[in-house]
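Here's the structure, in structure tokens; my notes come after.
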Amino acid sequence: MTKIGTWIRHIGEMVYFRMATNISKDVLMLMLERMWRIRHFELKVIEVYGAGEFVGAAHPYIGEEAVAVGACAAMRDTDYIAGNHRSHGHPIAKGANLSKAMAEIYGRIDGYCKGKGGSMHLADFSVGILGESGIVASSVPVATGAALAAKLQGKDFISAVFFGDGASNQGACHESMNLASVWKLPVIFICENNQYAVTTSYRDTVSADHISDRAQAYNMPGVLVDGQDAIAMYEATVQAVERARSGQGPTLIEALTYRFEEHSLGLEKIRKSEYREESEIDEWRLRDPLDLLITNIVESGTATRAECDAISDKANAAVEEAVEFARNSPFPDESELYKDMFSSEMPVV
Amino acid sequence: MTKIGTWIRHIGEMVYFRMATNISKDVLMLMLERMWRIRHFELKVIEVYGAGEFVGAAHPYIGEEAVAVGACAAMRDTDYIAGNHRSHGHPIAKGANLSKAMAEIYGRIDGYCKGKGGSMHLADFSVGILGESGIVASSVPVATGAALAAKLQGKDFISAVFFGDGASNQGACHESMNLASVWKLPVIFICENNQYAVTTSYRDTVSADHISDRAQAYNMPGVLVDGQDAIAMYEATVQAVERARSGQGPTLIEALTYRFEEHSLGLEKIRKSEYREESEIDEWRLRDPLDLLITNIVESGTATRAECDAISDKANAAVEEAVEFARNSPFPDESELYKDMFSSEMPVV
Amino acid sequence: MAEKLFMQALSMGISEEMRADPRVFFMGEDVRASVYGAAAGLHDEFGDNRVLNTPLSEAGFFGAAVGAAAVGMRPIVETLTSFMWVGMDQLVSQAAKMRYMFGGQATLPVVYRAVMYYGGGSAAHHSDRSYPVFMNIGGLKIVVPGTPADAKGLMKTAIRDDDPVIMFEDGTLLGTRGEVPDDPDFTVPFGVANVLRPGTDVTLVAIAGSVPHAVAAAEVLAKEGVSVEVIDPRTLVPLDKETILNSVGKTGRLVVADPAAKVCSAASEIMSIVGEEAFWDLQAPMQKVASKQVHIPFSPALEPLVYPTRDSIVEVIKKTLD
Amino acid sequence: MAEKLFMQALSMGISEEMRADPRVFFMGEDVRASVYGAAAGLHDEFGDNRVLNTPLSEAGFFGAAVGAAAVGMRPIVETLTSFMWVGMDQLVSQAAKMRYMFGGQATLPVVYRAVMYYGGGSAAHHSDRSYPVFMNIGGLKIVVPGTPADAKGLMKTAIRDDDPVIMFEDGTLLGTRGEVPDDPDFTVPFGVANVLRPGTDVTLVAIAGSVPHAVAAAEVLAKEGVSVEVIDPRTLVPLDKETILNSVGKTGRLVVADPAAKVCSAASEIMSIVGEEAFWDLQAPMQKVASKQVHIPFSPALEPLVYPTRDSIVEVIKKTLD
């Protein structure tokens, strides 16, 4: 059981008022574990990218772990999610296997996508991920469609989609939210407002004061949540899940969060353009989602700091194992090139 | 000078409260003239379509005349508009030549588009029309771009775009309204809510109570106007124009209106599906925009009924002339086929 | 077996499959009223949960179909080719790429019915014939029925197929008639061309709305003693290359009739294949009878000049034989 | 004249034209920070009103560019090919069709810069090479610079042109070097192919990123006594057919190297033209060296197998000569 949360305001924004719900130790420790798994995974990715161990881009989720983990902890294994280019956090939050995730980043045959997807597309369908889309906002309609399937079949699974503040300006978001609302679909729109799209502040591109305000345009609840606080994310999502599963339709959750790293590995030079102040980064780092959760767990007497550290160590070990696994996994054979275009072998002209 | 309007509620909707502004006789009579021109034009189009004089589809604007006319009367000749498939009303409201419009519908060389556009694309660039788009909502970004040009050049022209209730669900609308708001562009979004997209009620597809409510999502004023009342449309547009021209940004105007005819000529069979009740049509017909304007003009002593009738007769004569012109205009020569793909002659592969 | 309209054959295929498989559902704009015809009777028979009117949101519902398919449904989406541009990203980035990009994890049994309304004064915004675009993109099966029987048989195969399919339904064929099997087990396989008429002098490959013109052209030429082999590929992805190459092996001459715009068309592709793989069989230049490289003009004086016709095919075949 | 990177050549072309014509402005995502490189220095020099960061709304700002162009501005829009699908309708229904559909009333001087990031592990969602799609659609000029000098010269022509242009900028070329004229009057006309290397045995048409591979292949073959004529068409719409046909007239052999997916590609189109118009000149089958018909796989073990390379070009040319 956790203490009642107190976070209400941050950098001038109204944020979700954490409820006094009871959260079991299991959930708290699961969240901590998954957040540590993401954190260590991302740190490792940065390290091995620096060493030239894989090619392409990679978009670290460090600083935003509470968003995906808090949300996924409120969902069932049989529920679906979809995500975006910043694609490592979502599958791990949903329970994905680190080794297969890392192998994918390395472009190896044992990766989730047999090496065909890479870092931007770390989707693990076996844990209910319907895609991590490199095209911004492109997976929002897809998640909406999974919810449509639930409704048409009278099944009780739900779906959720993670997208950025930048993505919220895409037409696909508008169309999906409207569709989901008029059809009362069991879908949760989770906007990870990490303040920027690459170098552009959402204040320069989003005409509403808050992205969650847009929910009014679709007659659905819009919830502004402290995205650094896993418990707040969890609680907000629990309510949205309940609404969805009971046939009341979609919810828009805006999680205020921050990306501690640069937009993408390899794009460090952009820091030079000073689209954000060092002091802003520092201020946000004070609210590291792992620190906040651990403090909460420890102060509420749910577990000791040592227990929390042990979870970190275990996650770290799993990440080390994942890298070893990835390094040792073979590259896909040439014959893989033509496979998976279609469900059966087909003469490709 | 006109009487103060009184219309507030209609079929359960809140509508724009007509202001007590003074409207000159010139404006009133100009509006009446243009509304008559549209009405007679459309009646003629229905007649000659029935006689098989032209091919393709045509989407009558009858019943909605006050929307385009009221709006355009509040704009300058140097302002721009863009429209949609229901494309006869907008150019005539903006001052287009009836003969060239009719010739276009007949596919003749003297039509606005040399016969290449036809009924759905009756654009007259010489009166500031930037396109009548057959793809629903597709001209909304275009009109936004004209406003961007005004802003970047520091010019004082504005633009407006007419689109339907159905169109409001397109991503292009969302993106354009957001763009216009963050950049404070001088553009007016005029949603002609004629209650249906083909056979589908907007209540089944628009999740907001009112399309104008969506303006909140873009931090711009959203105005719900009685679209049967030309004066109300004029007044609402005057305010939006002022806002736009003074650099305060866009406005969303939702005009509640009704299409008296079926969606498109040739689609009369759809009436059978009874997507709308005859009684509903009858109820709306009681609020014919021409009747309302004439009553207002006569009762306010602005002009006599005879003067109004004379305007109708004159418009009717112009339409008759237009049909004669169209019938006598030659079809485009074969050589036209390859012209206008590019700005200069180019070898087309 | 009875005579049916092409449009009715499409309806039959759809409703038979909806009867057979509860996972199949149908959505699009105004489909309950069946504004475009092929959905006639569906809403009455299958009700609200299987026949959905969508908002005007092509990106939204094209993508929703992908998502529904990914979790086990089998959506049929109705649209016009010209509206596909609006939801294009969902077709390309999701429907076409999802399976490959995720290493085969996604299975997407979704059918997009893209009606091509051209030839009747619909003008540039409503007259696209865009299958060559999707052939280039890859990852989507491309179906172009040329007869009522194929319309039904290919529709059924499309609905049963586990991959995303676009059915390009040619507006100029919707009112054509032909024998259509009633048998609910009747299907037409993908990747097998239909030799509509055997011949020995020229191979004439005809796509979609060009099929009747090609047959008519062959008839005209038969009277003049020219034997034309008319081949309808029926699906462009997969493409039955063998039948075309074998035919050219026999005739030594190739003409392709294609209602799409000529540049980078299906006709271009077929000619490039033959020029590469059957070059030594060719006894004369290959010829393309495709649409002129212009947008579709409204005027009835101009529009018919754009498309292949019986006469233009006859003329080009004669050139080939010179 | 100095050695410049392809990327710098693009920048030079843009900034020279922005200096020369106040109607030219630049917009796209994160262009003030020049995330993709070619906008470097523009914001500093031209300020907020000429260099605009857009929201992530491709339909919105692609279309806004059309509207701005229609009223007299000359927008340059930066994007990636792969993001064009999102705003596709604005490119097709507005940019491409507007002029024709309205009988010539609209003049649309807009340049879309479509960067093709492929070859570096960007995977399927970021690696499109979609110029064949736009060739089929028509109404847009299609530019595919193959050298730094052309990158500058064609960019300047594009900006001065009164029609909508898509500049397909090949990501594999951005880091290549070459002599680039400083002269602000230097432009490269549309529709004039560049014969990069004259030859007599085989005509090798090479597009965009294939150009350096083609030149390298020609060098390899020269050592073996084979004389390859390398032609870079530079623009695909308009296409300089004459130069290609004349070359085939001389060599009797055609190979086309094209980094786009092979089906319905620019290579297919060029082969169909030659197969129709220069058939009697051909002494061997035409050959296509285009990308495999798959989406772009991420893995560095797979991706390089997709594209044409020097060696695959050499191999195919040898086959042609057999």
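All chains are identified by letter, namely A, B, C and D, in their written order; residue positions are counted from 1 within each chain.
By our rule, contacts are C-beta pairs under 8 Å (C-beta built on N, C-alpha and C of every residue); 3 or more make two chains touch, one makes a residue touch a chain.
Note that this is a predicted model, so its numbers are computed, not measured.
Shared contacts of chain B and chain D, meaning chains that touch the two of them, come down to A, C.
Using the average of C-alpha coordinates as each chain's centre, A ends up farthest from chain B.
Look at where the CA atoms of chain A average out and do the same for chain B: the two points lie 45 Å apart. Annotation: 30 Å between the Cα-based centres of chain C and chain D.
The mean-CA centres of chain A and chain D are about 37 angstrom from one another, to the nearest whole unit.
The multi-chain contact residues of chain A, meaning those touching 2 or more other chains, are 113-117, 121, 133-135, 138, 169-172, 175, 178, 182, 204-206, 341, 349. Under the contact definition stated at the top, the residues of chain D that touch 2 or more other chains are 54-55, 57-60, 82, 85-86, 89, 93, 100-101, 123-125, 138-139, 237, 263, 269, 293-295, 297.
Taken chain by chain, the contacts link every pair, so each chain touches all the others. Only residues 80, 82, 111-117, 121, 123-126, 130-131, 133-135, 138-150, 152-153, 157, 159, 171-172, 175-176, 178-179, 182-183, 339-344, 346-347, 349 of chain B touch chain D when the two sit together in their complex. The touching residues of chain B, counted against chain A in their complex, run 169-175, 177-178, 181-182, 204-209, 213-214, 216-220.
Residues of chain C touching chain A in their complex: 25, 49-50, 52, 54-55, 57, 59-73, 75, 89-90, 93-94, 98-107, 138-139, 141, 161-163, 191, 237-239, 241, 269, 273.
Contact residues of chain C toward chain D in the complex are 82, 85-86, 88-89, 91-93, 96-97, 100-101, 123-125, 128, 130, 132-133, 135-139, 237, 260-261, 263-269, 271-272, 274-277, 279-280, 282, 284-288, 293-295, 297.
By the touch rule above, chain D contacts chain A in their complex via residues 29-30, 32-33, 35, 53-60, 82-83, 85-86, 120-126, 262-263, 292-295, 297-302, 305-306.
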